[in-house]
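Below: a set of structures, written as structure tokens.
Paired with chain B in one complex and with chain C in the other, chain A is shared by the two complexes that follow.
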Partner chain A sequence: MLLRLALATCLFALPARADVAEAVSDHILPGLAHFRDTTATLAASDSCDPAVLRPLYHQAFDAWIAVAHLRLGPVEEEGRALAIAFWPDPKGLGAKAQAALLKAADPAILAPDHFAEQSVAARGLFGLERLLYADPAPSGDYACALTQATADDLAGMAESVAQGWQDDFAATLTQPGPGNRYLTETEARQALLTALITGLEFNADQRLGRPLGTFDRPRPERAEARASGRSLRDVQLSLLALRQFALKLVPEAPQTQAAFDRALSQADALQDPVFAGVSDPQARLKLEILAQDIRAIRDAALAELAPALGAGIGFNAADGD
Partner chain B sequence: MKHTLLATLFCTAALPAFAVTEAEVVQTYATLAEAGYADSLATAQALQAAVQALIATPSDATLQAARAAWIAARVPYQQTEAFRFGNPIVDDWEGRVNSWPLDEGLIDYVDASYGQSEENLLSTLNVIATPHFTLGSTEIDASAITPDFLKSTLHEADGIEANVATGYHAIEFLLWGQDLNGTGPGAGARPFTDYLPGDGCTNGNCDRRAAYLTAATELLVADLAEMTGNWAEGGAARAAVTADPAKGVQAILTGMGSLSYGELAGERIKLGLMLNDPEEEHDCFSDNTFNSHFYDGVGIRNVYLGSYTRPDGTLVSGPSLSELVAQKDGALDMQLRAELEASVVALQAIKTAAESGFAYDQMLAAGDKKGEELIMGAVNALVTQTTSIERVVATLGIEGVALEGSDSLDNPGAVFQ
Partner chain C sequence: MQRRSFLASLLAASTLPRLGWADAGSPAFLAAAKDATGAFVLHGLSAQGETVFALPLPARGHAATAHPTRPEAVAFARRPGTYALVIDCARGTQVARLTPPAGRQFNGHGTFSADGATLYTSEVEAEGSAGRIGLWDATANYARIGEWASGGIGPHDLKRLPLSDDLIIANGGIQTDPTDRRKLNIATMRPNLARLSPGGEILSQAELPPDLAQNSIRHLALLPDGRVAFAMQWEGDPADPVPLLGLWDNGALTLCPPPETEAYVMQGYAGSIAHSPTLDALAITSPKGGAVQVFATDGRFVATHRRPDACGVAAGPGGFIVTDGNGAISTLDAAGLLPRRSTALSWDNHLVALAI
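Here is the complex of A and B:
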């Protein structure tokens, strides 16, 4: 009798706790582990041949996109989120910082501790993109060593983020309480809902919005990861990851899921890998529709997930300018 | 028993008489804003007088006096930044007066190391030396540098935000020039001879440089007068927060949270450190960044405590958000007050270090542990207080705070540049 009661209580309690716990165990931790593994594989390669490294770079970039919206916890320490993917970069700081490193050709800077202190603009996935897709490719021993140091540094950050969640931050989120960063379950839910909404806005406002510019002044050169041809792919993979994240937070959210499906099929129908179509009125319209579709997901999520979670959204790093 | 009951009744009945209301809190908020913008206006007028003196009689003394007036003008203005993000009237206007960072080569001569920006064709225009130029397919006549030309044509030309032609930082550049000391100490070193008419003129076009500085200062004064009016009795910004006090309280919290976290801790402080880039300093020409950060922190505290100390030392204060929160959750109010204080202390530590000779640029240098510790101390304090601001939002039962004033929602077309 007592056992049955206890079981009943457990069963009853489970759905209420499942949201944050499931998001952590089924979405966040596996995603971070995959990012750690793919960056480790990239770093393990001895080659400096772009033809060898490019596929590994894409796997690591894919893995990052699946977790890039998780702007909380260990990735916010030591500027890791900025260093892993320094974009947008409207002042071209990444190219400048990397050119300075190549020009100085100082081997001491490439030691892991020292490299981790260099400008975030020179590091991470966009640092690698410039090395692997530059035309002409930078050649010579130092460029090769810089490529390897950048990959090692990236793998180190991915490892630190995955480990930080595993050892500490996962529990911080799933076991809120007095003295904890999150005092209540509601606060933990709010943190994840904020990450979801901010991730959606980043796709609409930055990944699509920057190249769209205005009708009179489109900016195709501002598309993300244009050199490696990933602009559309990043939006698609991000939406897939965000859909899974939303599903783990609130399994029953038909409007939100339908909005995701609409945006994803719109994205899948595009034949425009780097959003070159922003300058063409016909193609541009399709990209504008995609941006609207993504904003519609955000609206549906706010209408549906926020009440289901009993949480609002908090401040995020993109507030401000 | 009877006594207890009576006491309870008394307390309950007494509460409304002493309780602070949302309506009172937003009145205080609007009054603080009006005082802050009025002081910004007065100090900008003093700057304008100093600029007129510099141009009438260029000398080292008049240049130093104009620089001192600029630094004094920043003190009240930075404290008003807490009003920005919660109030669309302020946020839509802000780009005219405090746009940053800028491609200063648009305005005047720059060092050869400056380079041409790939994203901004006008980054090395040097309009002071260029009375006629082409923008896209349009011929631009810049022969007369007037307030209207700066505001309507040059500011954000080509749809690029880094083309900052107006406001404090354009004026700062014209008073100090580029800071070429990298992560070493020292600010910009523009000579007063850049404003000498005739043969003594250095770096060319002194008359056009003087016209630019005059026009930009005039615009700043006009813009600040406009915003002061918006917060006066009958003004639109005051009406927006007082008409619906609950929305007004929401504006206060949105302003506090967005400035604390995304803008100040993130964009202005942490990013510069992570880039090790002295050009990411908010007041990079004058090396006044430590003051700008400090007074931002003070401004956030002001709006919570309902209290502002004017440049002449007089105090403006009234019923506060702090008291409103304390009525619901005394512990949370105490915690947030302590955290706002801790941020001001951390920002003061940067200010004290900078004033003692450890320049903000030096703190940004790669591997400078002492600078990193000082700067991250302020970042962490600001991030910490943001969490409590979120808790205040939840405690007061306000919805959708961070959504209000978010560019992407209010004005989907505006965030892309």
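Here is the complex of A and C:
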């Protein structure tokens, strides 16, 4: 009886295979720690001078892109993923919400607890982008205080996410079993594979797809982080992060890695930081090819990684009914 | 003697009295699935989510409906559907197969009249997707006995309103290609909830406000007070969050938006809906968002629960039972959502409670 009990405990406590554990220890936790550190550095600056803050903002944004595909766990709570990066925003909700804050100029809402309750559209990296890259730049003490409150709030969310993984969610993912959010190792692998695939689709369908619009109606104004000139950079950094993530999940996946390399070299060859070329037939073609290259990574990953992980995804999600 | 073998010997007896649901004992739920070999199956599940019987399906399944008195259910093909199977739930066997008439396609759902004499099926004209309600005589081997207009394009779920023989029909509004499910009229779609009399007369049609015309009304859950909760699928810009749950109260529609932080979770898609009498709450599922959202029956948002590819949901002992495409069967109660059983199946869109 004792032996059986011990055996059962042992089975349930067994960590997931190295794939999940390595992705957590080598990709997720370091990425989240870097996001926490860069946002803390940004928040620690006393300056309101855009020239001082912009490089710190870019470091924080770079760090976010490296973990933005990890849409599971603490980042899902309290709308954090939305508040960190409220994009796409086709109706301009962020600009409206921030304009309302600036107009009201109420110092009370800048207190951390209060600010965390403001609209997710007004907060985070895109809230900062509007403050740091507006032309003309909003001036005055309140705009400065709002910039600092936005940076503090961002750093607080990054801290909560990193801490939540460290304290709890890393174990949730690596030690599946009864009573846990993930029942089996397969489910934990599925969760990470889903994050990878969804991350690839986000680059193709949103970061590229939104500005591409249709041939007859390209939408260059819809490019992500256009004001701060990061649209292409976000795709490049995201692909680099996703490539590392895929490698940690399944080290031997030559087709997937080759597909990443193709898309990255296509992206690196572009001289189009904010996808302005969507309106020009020749430049547009290169962006469409990049989107296709990214979809090819997704197809390769589904063909190669899903069987290696023993985890299919999206039986119902892909159905639609 | 164990109950099951007793039941089996009882069933073997030739002087068998007609069985009712109470005699069947189990199953508590029906769910379609894809198995590890890629074959499509229908499982009868106990209240604990254990498989009581499994039957092969000719093609991918969708939903099912239970006969009000006989331990019999009809399982429907995924649209555009070419079959519906009548299942003897006491024996776990198929007793009849329905085929839509020429030019008609099943749309995945059906319901019985209060006396169980008539089966109503959600159908479309293959060309143009005009909605039809097929009528089948459940007292005469499910002979086709007629059809009505559903009051809209692309009907999906339908239910019989409590304490009446009126039908409520979710006319999803989407015209689809009869062969490949391509959506053909997204720019001009106009879903509605239609109420039909027992004679097939359209008594009312409730439409969404014009800015939500691209919110396809697809699935229904009856509330004990006569209202109907409906779940929607947004065909507009997914970055534009819209309510996915609404309440129909005798033709008047109320929408139930979640708070801003929860408004993007479902990615504009609710795949199933159920009401739990135990919790007096509604659950809508989103496989695309990997989440289940719970609302009070007054429309107030209660909570978001995460579950990858979650889609099937039905009232269960402590609240809800949730099934997902990765094979798990989970409980959702006041304490939260917890996966309980893992299977090698991909559970399909719906989990159908058979409790009458």
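Operating definition for what follows: the second predicted complex is superposed on the first by the 297 of 321 C-alpha atoms of A that agree within 3 Å, B and C clash if a C-alpha of one lies under 4 Å from a C-alpha of the other, contacts with A are read in each partner's own complex, and residues count from 1 in each chain.
Here, contacts are C-beta pairs under 8 Å (C-beta built on N, C-alpha and C of every residue); 3 or more make two chains touch, one makes a residue touch a chain.
Please read these numbers as outputs of a predicted model, since none were measured by experiment.
Asks: Looking at the superposed three-chain arrangement on chain A, would you call chain B and chain C a clash or a fit?
Replies: clash
Asks: Let me test your reading of the model: by the given contact rule, A:E201 touches which partner, first (chain B), second (chain C), both or neither?
Replies: first
Asks: With the two structures laid over each other on chain A, which partner does A:P254 touch: chain B (first), chain C (second), both, or neither?
Replies: The answer is neither, since A:P254 touches no partner chain.
Asks: Could you say whether A:G179 touches chain B, chain C, both of them, or neither, answering first, second, both or neither?
Replies: second
Asks: Looking at A:R295, would you say it contacts chain B, chain C, both, or neither? Reply first, second, both or neither.
Replies: In the superposition, A:R295 touches chain B alone.
Asks: In the overlaid three-chain picture, which partner chain does A:P136 touch, first (chain B) or second (chain C), both, or neither?
Replies: Neither partner.
Asks: Of the partners chain B and chain C, which touch A:L212 in the superposed model: first, second, both, neither?
Replies: In the superposition, A:L212 contacts chain B only.
Asks: Taking the superposition on A as described, I'd like to know which of chain B and chain C A:L82 touches: first, second, both or neither.
Replies: Both chain B and chain C are touched by A:L82.
Asks: Of chain B and chain C, which one touches more of chain A's residues?
Replies: Counting residues of chain A touched by each partner, the higher count goes to B.
Asks: In the superposed arrangement, does A:P90 touch chain B (first), chain C (second), both or neither?
Replies: In the superposition, A:P90 contacts both chain B and chain C.
Asks: If the shared chain A is used to align the two complexes, which stretch of chain B, 22-30, 202-210 or 400-408, clashes with chain C?
Replies: The stretch that clashes with chain C is 22-30.
Asks: For chain A, which residues lie in the overlap of the chain B contacts and the chain C contacts?
Replies: 79, 82-83, 90-91, 119-121, 181, 183, 186-187, 190, 194, 312-317, 319-321
Asks: Which of the residues in chain C come into contact with chain A in the complex?
Replies: Counting only chain C, the residues touching chain A are 34, 62, 78-79, 108, 156, 218, 233, 237, 239-240, 260-262, 264-265, 269, 271, 287-288, 290, 306, 308-311, 324-326, 328, 338-342, 346-349.
Asks: Can you tell me which positions in chain A touch chain C when the two form their complex?
Replies: It is residues 72, 76, 78-79, 82-83, 88-91, 119-121, 178-179, 181-184, 186-187, 190-191, 194, 206, 311-317, 319-321 of chain A that touch chain C.
Asks: Which positions of chain B touch chain A when the two form their complex?
Replies: Residues 85, 101, 115, 117-119, 158-159, 161-162, 257-264, 266-267, 270-271, 273-277, 366-367, 386-387, 389-391, 393-394, 399-403, 406-408, 412-413, 415-417.
Asks: In the complex of these two chains, what residues of chain A are touching chain B?
Replies: Within the complex, chain A contacts chain B at residues 79, 82-83, 90-93, 95-97, 114, 117-121, 181, 183, 186-187, 190, 194, 201, 204-205, 209-210, 212-214, 217, 219, 221-222, 295, 302, 312-321.
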